[in-house]
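Note that the chains take the letters A, B and C in the order they are written out, and that residue 1 is the start of every chain.
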Amino acid sequence: MATRPLALPSPFALPSPLAMLLRAAVLALLAFAIFGPLLNLLLWAFAERWYFPNKLPIEFGLTYWYRVFQPRGNALASLGTSVWIALLTVAFSLAVAIPAGYALARLKLPWRGAILLTFLLPQAVPNLPVYVNIAQVFYQIGLNGTILGVVLVHASHGLVLAVWIASAAFASVDASLEEASRNLGASPWTCFRTVTLPLATPGLIASAIFVFLESLDEFTGTYFVGVPDVTTLPLLMFNATMGGNYQISSITALLLLIPSIGFMLVVERFLKADVLAMVGR
Amino acid sequence: MKFRMLFPVALLAFASTVLAQTTLNVVTAGDQNMVDYVNNYLAPKFEAMNPGVKVRAVGTGPGDAGSQKIYEKLSAQQKAGNNEWDIDVAVIHQLASATMVNEKLLMPYRNDVSAGKLVSRDTAKNALGANVDGYVLPMFHSQIVFAYNPELVKSPPKSFQELNEWVKKNPKQFGYNGVKGGMSGVGFVTGWVSAYSGMGDKLEKGPYDASTAPAIDKALSGLKEFNQYVVMTPGNAGTLDMLNRGEIAMGPVWVDMFYTWQADGRMSPKIKLVLPSPGLPGQPMYYVIPAKAAHAALAKKFIDLAESPEVQADGIIKQFNWYPGIDPQYVQPKLDQAAWNKLFTDVSPADLSKYGRPFPLSPYFKEIVEGYERVVLK
Amino acid sequence: MRGSAGEGQRQHPVITGKASTRGAALALIAPALAVVALFFVAPLAMSVVVAFRGKDGGFTLEHFAKSFDFYTTDLLFTLAIVVASTLLIGAVAIAIAGYLTLGGNPRTIAVLRWLYRWPLFIPFVVAGQLMRTFLAKNGMLNHVLIGSGLIEPLSAQSLLDWRGIVVAFVWKQAPFVTLLLAGAMASLEPQHIEAARNLGARRMSVLIDIVLPQVRGTLLVGLVLSFVTMLSVLSVPLMINPNSPTMVTVDVAYRISTHADYPVANALCLLSLALAAIGAVFYLRHAAARVEGG
């Protein structure tokens, strides 16, 4: 997010070489804490053989990359499905979260707190038993095995982020601009379309990132609602990780980084910091 | 081969569906290599025999959790009242198969496939005391064994008694995964109870008798003391993981997982296996067909292929070094002696038949596992 | 908690009283609410029924009794882990976001901003795997510590117990809260901070006395979201420490996969939800304070 550093003069700062050293040391520690575990991911992705007493892989290679990308493995197709589902989930979530966020930010709602908490519910319950029930319902109404079914499950799980952040985005739009537009004779809809929505867009895009990542991480709901007709890469990753297939799981995790970071980079241009200030209000 | 003779007949039978692409959904519990096996080995063979059919393999994850997820999908379709279920062939563990037969989620099919006559193990009829006769065919058999690092353990304990003494001399060198992290830990616990209660046969064959509870609890209280000298590992794969990094010198593992880890370079080729007396449990993975599978006839053909002696020899034994699902006498002639011997490098056939035991009957199983939570964990 | 800085300028018109606007508000929120109600609350209700239904089909509390009998320790353990993780996440997020906002060295800020976000893109299950191989007794962390002479080989210990779970949670969730918090801090009025600095306030006290009170709401929301998310994550404790004591999600999975015991599993889910309600209480108090404050 484009945070704006307040480059203040620092009258009480440490003498500068010492300060520099200290800063470098803290940054190095933080870098180790963040990239140390990630280095393991990278090593396992290319490790052919790695076992005690060797502290590093004995042999590197691409065998497991071939295995992931073998024609029948469908890794690329699954990755495509995962990204497609994530994009649809973002679109669907925003479509319902924008009106909801506007109502929460601008209109008087009874039970406002309870409504906000309802959206939190899907994040708060260990979801396996609930997804079993969803599967039953979706089989009844023919949604099982469809992309739409998976999108609905992902959306209900990620909606708290979309709604809370959308509401914050609308709350941060300066109301006097809307009033000015209304005073000039704009209808409420025109006012919303030409003033409120454009000003809230950066915040809505911020919520899109989180919903996208949420969808790209999800596998329990995908299994119960999608499999065998819809399979995604996180499913493969989950099974490989739980079975201790470190090479396969590391490679799939690396593959999933591509859309995650790509999506973030693309939408980050639209981000504005002050939206995040209002999240959850 | 019988299925080869069936081939032209089947071709006629399916001539109508050949035009439209048919997808046979094979959903398998277990590790990713099971999915790869279906995808890379079985599917091309089957698709070549059945033009117009595409095999799609999906994994549900390792251990009983993976099988339970298959149960949940089938159960959801049963409760929803659907007439065509989306899984044609499933590969599951014993525990789930008992539940699924009991809830009428499976179709009896053994008599409809020629390979049905090739199975001989008791587990082809009986899963943890539940009668699954006709509903299942074992894909392969697996066995819990102790894996140990011979550089750290010169003479491995050959029995539970010896193990109990060994851990006291070598604290924190033995690791297992309790009862919440998968069946290799559960199997170790039931093996311990069999050994220390002296009721192995009764636990495996029944009949269930509630008055054995104190004897089970007593055996478990010995395990509580034993646990002070061992490391608890995070799951079936967690035991292998700690062996991989040399953090433990010995632990109970599934032999099929062990060989997979070795083949994938995650386990030193030096690590060896031993099956202690009076034994550890083993269990097969079963091929099953859901009661309302959309393509039941194709599913039967698929299993017939998978259970043929050629596939069992070349796929299960040669590729994975797993114990065959059908009677070995049909498989051995299809293999050279070296490949056959490799199967028994560490554990001899005699040990396997003597110390490879079934899991206890389900009421005992439940009693032991919950007893572990009550007696050992509290 | 609305920041006093933004209060005057961003006052938005809260339309009151008219039934029609209330209807409009409900109509606008209805689709989103319907999604959650249909695809989560209704299936959850099915679970609630199972949790309270006995073998004979009548109402019973026996599944809850069994849950408490077997898993009270795990419930407390779960709460302790999640509370500790939440506090640590808060501390890390405040430190990083605080430096991003108030820090004096632009290059450090640039590096820090690039650095802290990476775990955001790593799914929980992978975070669990990474920590398992990183924090183990013969894992990379100990190799580095021993290699640099900081600890003796014999004193190397495994962190794969409650500590490993906390580390994994903080590693994964702190960037999320930091992201929210840094955004909130960046939107504050710079004049207030500059004024305080000109009066000679130290950076730490500017952070604590001036910046934090204004972003309290965002921090709280980020922490509540993390708190409830961590409560429902299965893969991290399953990968790091599924043995006793462990987190409730592991017990739920175990009751299902080993015992096919859905009643107790669902009862445990509801108890986990009760723990999540603790987080919700903080949130509600914040929301109530906001209503009073305008």
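Just so it is clear, a residue touches a chain if its C-beta (ideal position, glycine included) is under 8 Å from a C-beta of that chain, and two chains touch if they have at least 3 such contacts.
Remember, predicted model here, so these are calculated numbers, not experimental data.
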{"item": "Pairwise touch network: line, ring, star, complete, or other", "value": "complete"}
{"item": "Which two chains share the largest set of C-beta contact pairs", "value": "A-C"}
{"item": "Centroid spacing, where centroids are CA-atom means, of chain A and chain B in whole angstrom", "value": "37"}
{"item": "Distance from chain C to chain A - Cα centre to Cα centre, in angstrom", "value": "15"}
{"item": "Gap in Å, rounded to a whole number, between the CA centres of chain C and chain B", "value": "38"}
{"item": "Residues within chain C bordering two or more other chains", "value": "133, 138, 238-239, 253, 256"}
{"item": "Where chain B touches two or more other chains at once, by residue number", "value": "63, 65, 235, 238, 241, 245-246"}
{"item": "Set of chain A residues in contact with two or more other chains", "value": "52, 132, 137, 238, 242, 246"}
{"item": "Partner chain C, residues of chain A touching it in the complex", "value": "1-13, 19-20, 23, 27, 30-41, 44, 52, 55, 95-97, 99-100, 102-110, 112-113, 115-134, 137, 152-153, 155-157, 159-161, 163-164, 171-175, 179, 206, 210, 213, 216-217, 219, 234, 237-238, 241-242, 246, 249-250, 253, 256-257, 260-261, 264, 271, 273-281"}
{"item": "Chain C residues touching chain A - in the complex, by the definition given at the top", "value": "2-3, 6, 9-17, 21-22, 24-26, 28-29, 31-33, 35-37, 39-44, 46-47, 50, 97, 100-106, 108-109, 111-113, 115-116, 118-131, 133-134, 138, 140-141, 143-144, 171, 176, 179-188, 190, 193-194, 197, 200, 202-203, 215, 217-218, 220-222, 224-225, 228-229, 231-232, 234-235, 238-239, 248-249, 252-253, 256, 262, 265-266, 268-269, 272-273, 276, 279-280, 283-284, 287-288, 290-291"}
{"item": "Touching residues on chain C, where the partner in the complex is chain B", "value": "70, 73, 132-133, 136-139, 158, 160, 238-244, 246, 250-251, 253-254, 256-260"}
{"item": "Complex contacts: residues of chain B adjacent to chain C", "value": "63-65, 67-68, 71, 95, 99, 177-181, 186, 232, 234-235, 238, 241-242, 245-247, 366, 369-370, 373-374, 377-378"}
{"item": "Chain A partner contacts - residues on chain B that touch it in the complex", "value": "25, 27, 30-33, 35-36, 39-40, 43-44, 56, 58-63, 65-66, 69, 72-73, 75-77, 79-82, 86-87, 149, 235, 237-238, 240-241, 243-246, 257, 261, 264-268"}
